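Each of the two complexes below includes chain A, the first together with chain B, the second together with chain C.
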Partner chain A sequence: MSIELGHFALTLAFAIAAVSAVLGVMFWKRAEMVAGWLQQGAVLQFLLVAASFGALIQAFVTSDYSLKLAYDHANSAQPLIYKITAVWGNHEGSMVLWVLILVIMGAAVAAFGRNLPKDLLSLVLSLQSMLTASFIGFTLFTSNPFLRLSPAPFEGQDLNPVLQDIGLAIHPPLLYVGYVGFSIAFSFAIAALISGRIDAAWARWVRPWALVSWCFLTLGIAMGSYWAYYELGWGGWWFWDPVENASFMPWLSGTALLHSALVMEKRNALKIWTIFLSIITFSLSLLGTFMVRSGVLTSVHSFASDPTRGLVILSMLAVFIGGAFSLFALRVNSLRAGGLFAPISREGALILNNLFLATATVAVLVGTLYPLLLEALTGDTISVGAPFFNITFGAVMAPLLVVLPFGPFLAWKRGDFVAVAQRLAGAGALALFLTILGFALSGASISLAPLGLLLGFWVAFGALAELVDRAKFFRTDVMTSLRRLVGLPRTAWATALAHFGVGVTVLGIVAASAWQAEVITTVDTGQTLTINNYAVTFDGKDVEQGPNYVAQRGHFTIASPAEPTRTAIAERRTYTQSGMPTTEADIETYGFSQLYIQLGEPGPDGKTVVRLWYKPYVTLIWLGCLVMAGAGFLSLSYRRQRVGAPRPAQVRVAAE
Partner chain B sequence: MTRKQKRLAIIGGLGAVLAIAATLIFIALRDQIVFFYSPSEVKEKAIAVGTPIRLGGLVKTDSWTCTGGTFNFVVTDGASELSAHFKGLLPDLFREGQGVVVEGAVATDGTFAATNVLAKHDENYMPREVVDELKKRGEWNRPESTGAVGKPRPVCT
Partner chain C sequence: MVIFWSLALAVTAIASAALYYAGAARGVNAGQSDLDSPERRHLKAQLAEIEADRAIGRLGDEEAIAARAELAREALKLKSESGSKGGVEAGARRAVTLLSIAATAILAGLTYSVLGSPDMPARPLAERTEEIAAEKATEGLSLTDAVAKIEAQLAQTPDDIRGWTVIAPAYMQLGRYADAEKALRKVIAAEGPTADRETDLGEALMMEKGGDATGEPMDLFRSAAVRDPAHVRSRYYMAGELTRIGRFVEAEAAWASLLALSKGGEAWVANAEAGLAFARNKGVMPTDPATGTPGGSLPDQSAIEGMVEGLSSRLDTSGGTIEEWTRLVRSRLVLDQKDLAQKAYDAARAAFPDASVRTELDVLAADNGLVATK
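Presenting the complex of A and B:
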C-alpha cells in the first residue's frame, strides 16, 4: 500500500511541478499574484517527493520484495544500513534521490528567498519546477521505481557487493547535492536573462548557492575518490575515468563561477561570463548524469546504464542546454560591460583564474568526449588514457598554481605586482627550502616531482602568507598579531584556507605519485616482507562468516621503527547470493602516509599472494579537499554571505 | 597605457593562452590516444610491435598457464586468438570465458605483452567494445553471465 502511495505522491509532485513551471513563466511580470503559490508549490513538491522516497526506503528496510526494485537490489541478510543505501545503489532509486535533492533546493529557495525581488523569485522557482517536472517525468516514464512483482519472491537478489560499503551512504548524496545545487545558479541565470535583472545584487544572491553546491561537490568527489581507493583494491585514487571526469568538469567550472561571481558582486564586471558559467556548470552536471547513466562511455564506475534512457536524457539535455544558450545568445547584446580595471589587479588575477579553469574544463571535456566523436565519425574505437589528461590538465594547472598566491594580495582595479612579489618572497623562499630539503632526504629521481612539490608548497605557504601579512606578523609584537589574526574577516580566512587546501592536495598528489613503493609476492605463514622501513609479517589465514558473505581473512603484523606494532586484517569476500568476490584491503595510516595491504588468491602450494603499497602522504589529497570544503562553509557562515541574508540597503537594480 | 591598449593586452594574453592550450590538446590527442582492437584486427591491421593498444575479447577457456612468474592466457574473439602475457596481480573478476580488456603492446615474438588488465566491478560486465566486436563477428551469444563461471586461475608471481 505504501508503495502505491509513494508512486502517487511522486506523480502528484510531477503535476504540481508542471503547473508551477507554467504559472511562473506566464505570470512572472505580475509576480505578487503567483509568488506565494509558487513558494507553497515548491514546499509541496519537497514533501511529496520526500514521502515517495520514504516509501521506497520502507520497502527496502522491511524487505518487501513485491517491489521489483527491492527484489533486484536488496537481500534480507544485508545489514540495515546497506538496505537503506541500496535504495540509491541503482538507477531508478538514485533518480528519486536526484529529484529529492532538486526539490530540497527548490524548497530552500522558497524558504530563504523571501527577500528576493518577487519576479526573480517566481522565475527561479518556476525554472526549478521545470527541471523537477522533467526529471520526475523521466523517472516515472522510463525508469519507474515503483513496479511490483506478483507473486512476491521470498528473497531478494543482492546489492552489488562493491556497493555494500559505507561509501554508498555518503558519496552519492554529497555528489548529488553538488550536481543538483548548481541548478539553482542555472535557474538564477535563466531568470536573470528573462527578466533582465543582471547586476551586482544578482551575483550576491547566487554566490551562496554556488558556494554550497561547490562545497558538497568537493566533498562528494573527494569521498568518491577515497572510496574507489580503498574499495576497488587497486590502490589508485583517480583514473581519469569518464565518470570521474563527469563530476570533475562541473567542479572546475563551478570553481571558476565562484571566482567570477566575486568580480561581478564587487565590481559589477564579468557579467556575461558569470551568467555563461552558471549555465555551463549545470549543463556539465547534466552531461555527467547523461554519461554515467547512458553507458555511452566505458567506465569502471558506472553501475546502471541503459542506452534508451540515455537517449531521453540526451534530449532533455538538448532542450535545457540548447534553450539556455539560445536565450543567452538573444540577450547577450543587452548586457553592458561594467567596471574598468588594469591587467594587473584583483580582477585581472580572477580573470586569469577563470581562463585557466575554463581551459582545463575544455581539456577534460575534449578528452572525455573525443572517443565518442571519433567512433561516430570513423568507427575506430579508442581510449583517451591518463597520459592525455596528465599532460594537458597538468600544463594548464601549473601556471594557475604559480599565479594563485598573487591573486588575494592584489588590490582591486590596479595592483602593484612588485610589492606583492616582495610580500610573497618569504613564502617562496620557504617553499624552495622545503622542496630542497625533501629531496635531500628522500633522494627521489622522478624528473617532475621537484617542480610539483615546489608548486604545492608555494601555493600552501602563499595562501597562508596573506593571513600572516594582514595580521602584521614580524612587523609588530606577536600578541598584537595574534589578536589581528583572530579578528580578520572570515572571508579572508576562507580564501586563505581554500587556497591552502589546494596546496595540500597538490602536495599529496605529488608525494603519493613520486614516492610510492609496491611489493607483490607470495608468502608463507610467518614470512616477513619489508616495504619502506615497515616489516609486514603474514600470520596466516582464517575464514569468517559475515552476514551475507564468507570472508577469507589474512592476518598481518606490522612493525615500524617509529610506532608500536600493529595487527591488520585484509579480506577477500565472496558474497553468497551473487557468488561475486570482492577485495577488502587493509589500510594502515601512519601520520599522513598509508600502508595498503591487499590479500590475493590462495596458491596451490599453500602460499598466499599479497600485494603491499606504501603511499607516502597520500591522505593529504583528501585532507586538502576537506580543507577546501571547510573553507567554503566558513565563508558561508559569514553573515553577509549567508543564503537569505538581509538585503543590503542600497541594492542597485538595473533598469530593464 | 590607454584603455584601448589595456584591453588589447588582456585580449592578446587570453588569446595566447588559449592558442597554447589548443595546440597542447591537439598534440596530446594525436600522441596519447590508445586504439582498441580485437585479436582479429591486430592481425588484419598488422599492428606494429611496441605500439600501445587495448586488446579486447574473451579469455579463452583452459588457456591460462604460469611460467616463471608470468601469467599467460589467450584472448579470443572467435575468429582469431592472441596469446598474452602479464606479470602482476589480476583483478578479481578476471575469469575464463569472460570479457577482458588488456592494455599493452604486441611484442617482437608476436605475443601480446600486457601492462595492465582491466576489469570492472560488475559481475555481468562486458566491456562495450568487446560486445560490439563480438556482435560484429557473430560470436555474441551470451546475453547474461552468471559471474561464477570459469575455473579458478592459477597463482602466478
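Presenting the complex of A and C:
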C-alpha cells in the first residue's frame, strides 16, 4: 500500500506542478490572482515528492521485491546504509532524487521569497513548476520507479558493487543540489526576461541561490573525484570522462555566474552577462543530465541505456534551452544598460574572468561533444583523450590564474594596474622563492612542473596578499593590523579564501602529477618493495567473508623514515550475488601526501601482483576544493547589503 | 483497494483544501502597502548602506549624493508603476482556484489510473516468512538457506510470531533443538499455549536431553493432554516416558487410554499396542523374550521405530522433500537397518534424480557403505 501511495503522491505532485506552470504563465501580470496558489503549490510539491521518495526508501529497506526497482538494485544481505543509497544508485531512483531536490529548491523560494515582488515570484515559481512537471513526467512515463512485480521475488539482484560505498550516500545528493540549484538562477533569469524586471535587487535575490549551488557543486565534484580515486583502484583522480566534464562545465560557467552576479549586485553592471550565464549554467546542467541519463555515454553513471529516454530528454533540452535563448535574443535589447566602468577596473577584471571561464567551458564542451556528434553523424568513433583537455584547458586557465590575484586588488569603476602590481610584488617574490626551493629539493628534471608550482603559489599567496594589504600589515603596527584583519568584512575573507583554495588545488594537481612514483610488480610473502623512502613489506594474504561479498585481503607493513611503522590491508572483493569483483585499495596518508596500495590478481607462479603509488601532496587537490566551498558558505552567511563604492574621480559619473 | 483509494482521495482533498485556502480564501496583499513593497525595502536598505559607508569614510560626499539621487529616481519610477495596477476581484480568484483544483485532481487521478497498480499490496520480506517456507518446500530451496533467510528477517522483526511459528519445525528438522525451544517459547508467550504448542515444546526439550522427558517436558505433555482430551501426541509421549522410566502400571493405563482414542488404522497404533504389551509384561517384549534384557529393547526405541515407519510410509505414498528422505536414510542407519536404508536411498534417488540437490544424502550414503545403483 505504501508503495502505491508513494506512486500516487508523485502523480499528484506532477498534476500540481503542471497546473501551477500554466497558471503562472497565464496570470503573472495579475500576480495577486495566483501568487498564493503558486507558493502553496511549491510547498505541496515538496511534501508529496518527499513522501514518494520515502515510500521508495521504505520498500528498499524492508526488502520489498514487489517493487521492481528494489528487486533490480537491492539485496536483503546488503547493509542497511546501502539498501538506502541503492534507492538512487540507479536511473529511476536518481531521477526521483533529482526531482526531490528541484522541489526542495522551489519550496525554499516560496518560503523565503515573501519579500520578492509578487509578479517576479509568480513567474519564478511557475517556471520551477514547469521544470518539475517535465521531470516528473519524464520519470513517470519513461522511467517509472514504481513498477511492480507479481509474484514478488524473494531476493533482489545486487547493487553494482562499485556503488556499494559511502560515496554513493554523499556524491549524488551533493552534485544534484549543485545542478538543480542553478535552476533557480535560470528561472529568475527567464522571469527577468519576461517581466523586464532586472536590477541590483534582482541580483541580490539570485546570488545566494547561485552561491549555494556552486558550493554544493564544488563539494560534489570533489567528492566524486576522491571516490573515483579510492574506489576505481588505479589512483587517478580526474579522467576527463564525459560524465565528469558534464559536472565540470556547469561549475566553470557557474563560477563565472557568481562573479557576474556579484558585480550586478554591487554595481548594477554586467546584467546581460549575468542573465546569459544563468541560462548557460543551467543548460549545461541539463546537458549533463542528458548525457548521463540518456545512455549516449556508457560509464558507471549510466545505469541503463534506453533510446526513448534519450529522445525525451533531448526534446526537453531543446524546449528549455532553445526557449530560453530565443527569449534572450528577443528581450536582450530591452534590458537597461548597467553602470559604466573603465577597462582596468574590478568590473573589467571580472569580465576578463568571465571570458576565460567561458572559453574554458567551450573547450571542455567541444572535447566532450565532438566525439558524440561525430559518432552520431558519421558512425566513426574517436576518443578525445586527456592530452587534448590538458592542453586546451591548461592553455586557457594558466593566463586566468596569472591575472587572478590582480582582480580583488583593483578598485571598482577604474583601477590602477601599476599600483596593484606593486602591492602584489611581495606575494610574487614569495611564490618564486618557494618554487625554486621546491624544485631544488625535489631534484626533478627541467619540465613545466615548476611553472605550475609557481602559478599555484602565486594564486595562493596573491589571495592572502589582499587580506594582508587590507589589514595594512607592514604599514602600521602589528596589533592594529591584526585588529583590522579580524574586522575585515566576511566577504573579503570569503574572496581571499576561495582564491587561496584555487591555489591550493593547483599545487596539489601539479605536485601529484609531476612527482608521482609508481611500482607495479609481483611479490612473495615477506618481500619488501621500496617507493620514495617507504619500505612496503607484503605479509601475505587471507580470505574474509563480508556481509555480501568474499574478500581476499593482502596484509602489508609500511616502514617510513619519519613515522612509526603502519600495517595496511588492501582487498579484492567478489560480490556474491552478482559475482562482480571490486578492488578496495589501501590508502595511507602521510601529511598531505598519500601512499596507495592496490592488491592485484594472483600471478601464475603463486606470487601476487601489487601496485604501489606514491602521490605527493595529492590531498591538496580536494582540500583546496573544501576551502573553496567553505569560502562560499562563509560569503553566504554575510547578508548585509553589498554596495560597491567607486573610486573617487575627477568627473562625477552617475551610476546609470 | 478501497482503502487505497480512500487514502488517495484523502491526500487529494487535503492538498486541494490547502491550495484553496492559499489561492482563494486568504488575502494575498493583506498588510502590504505600496510604501512597503519589496523594491522599496531594497532601496531603503541600500540607502542605509550608503549612509553607513559615508559615515566610515568609504564613500565620498559627492558619490553619496549622486547615489542617493539615483535611488530617489528609482523610487519615483516604482511609484508611478505601482499606481497603475488594478485590484483583482475575489470572485475571479476563487473561480480560477477552483478550476485549477479540479484540473489538478483530474490530471492526478487519470495519470495514476494509467500507471498505478492500486490493488497490489506491499510485500516486505519480513512479512513473507510463510511464503519462504512454502517456497522451500515446492522449489527445493535448501532448508538451511530458508532457515537462514527467515532468521535474517526475524533479526529485524523479532515480534513476528508467524515467523517463529514457521521456523520452529524447521529447527527440529535440522536438529537445532535449543533454537526450536526458543522459538516455541516465544510463540507460546505471545499467543498463549495450545495442546499442540505445548507438545512441540515438550518434544524439543526432550530431544535436547537426548530423549529424557522427565521434568518440564512431562509437565507440558500432561498440561496438553488436559487441555485437549482427544490429543494424541502428548499422550503418546507421556506413555512412552512412563514406560522408559519403568513405571509400568501407569504406563499401561496411559497406553490403554491412548489406544482408546484411536479410530483405527493410524500409523501410531501398532507402536502403542507394542508399548501396551511391553508395559503389561513389566518391561520385557512379550513376542521376543530372547532379546529381553530389561531396558535392552527400550520402548522409546520402539517409539522411534514407529515414527520412522510413519515417515517411511508417508514418503513412499505421497513423497516428500530431499531433507525428509535424508532423515529417513539416516534413521534407518541409526536403527541398524541397512537393507531398509539402501531401499530408502534407492527410492530417494529415484524421487530426486538431480544429484546437485542430494549432496548431503549422497555423502551420508557413501560414508555408510550404501550403494548407488544405476
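By our rule, the second predicted complex is superposed on the first by the 627 of 656 C-alpha atoms of A that agree within 3 Å, B and C clash if a C-alpha of one lies under 4 Å from a C-alpha of the other, contacts with A are read in each partner's own complex, and residues count from 1 in each chain.
Convention: a contact is a pair of C-beta atoms (placed from the backbone, for glycine too) under 8 Å apart; a residue touches a chain by one contact, two chains touch by 3 or more.
A quick note: this is a predicted structure, and the numbers were derived from the prediction, not measured.
**Q** So, does A:L140 touch the first partner chain B, the second partner chain C, both, or neither?
**A** In the superposition, A:L140 contacts chain C only.
**Q** Quick check for you: in the superposed arrangement, does A:T528 touch first (chain B), second (chain C), both or neither?
**A** Neither partner.
**Q** For A:D64, is the partner it touches chain B (first), chain C (second), both, or none of the two (neither)?
**A** second
**Q** Quick one: classify A:L23 as touching chain B (first), chain C (second), both or neither.
**A** Second partner only, chain C.
**Q** Using the superposition on chain A as set up above, list the residues of chain A that contact both chain B and chain C.
**A** Touching chain B and chain C on chain A: no residues.
**Q** Which residues of chain A touch chain B once you look at their complex with the stated criterion?
**A** So the residues of chain A in touch with chain B come to 160, 162, 232-234, 295, 298-300, 303, 340, 342-343, 348, 351, 355-356, 359, 362-363, 366-367, 370-371, 380-385, 387-388, 391-392, 395-396, 520-522, 572, 578-583, 598, 600-604, 607, 609, 611.
**Q** Touching residues of chain B toward chain A in the complex: what are they?
**A** 1, 3, 6, 9-10, 13-14, 17-18, 21, 24-25, 28-29, 32-36, 54, 88-89, 91-93, 118, 120-123, 127-129, 132, 146-148, 152-155, 157
**Q** Using the touch definition from the top, list the residues of chain C that touch chain A in their complex.
**A** 3-4, 7-8, 11-12, 15, 18-19, 21-24, 26, 28-29, 37-39, 41-43, 45-46, 48-50, 53, 58-60, 62-63, 66-67, 69-70, 74, 87-88, 92-93, 96-97, 100, 103-105, 107-108, 111-112, 115-118, 120-126, 128, 131-132, 135, 149, 152-153
**Q** Residue numbers of chain A touching chain C in their complex, please.
**A** For this pair, the touching residues of chain A are 1-5, 7-9, 11-12, 14-16, 18-19, 23, 27, 30, 32-37, 39-41, 44, 48, 59, 62-66, 76-77, 115-118, 140-141, 144, 146, 148, 150, 152, 154, 199-201, 204, 640-641, 643, 645-646, 648, 652-656.
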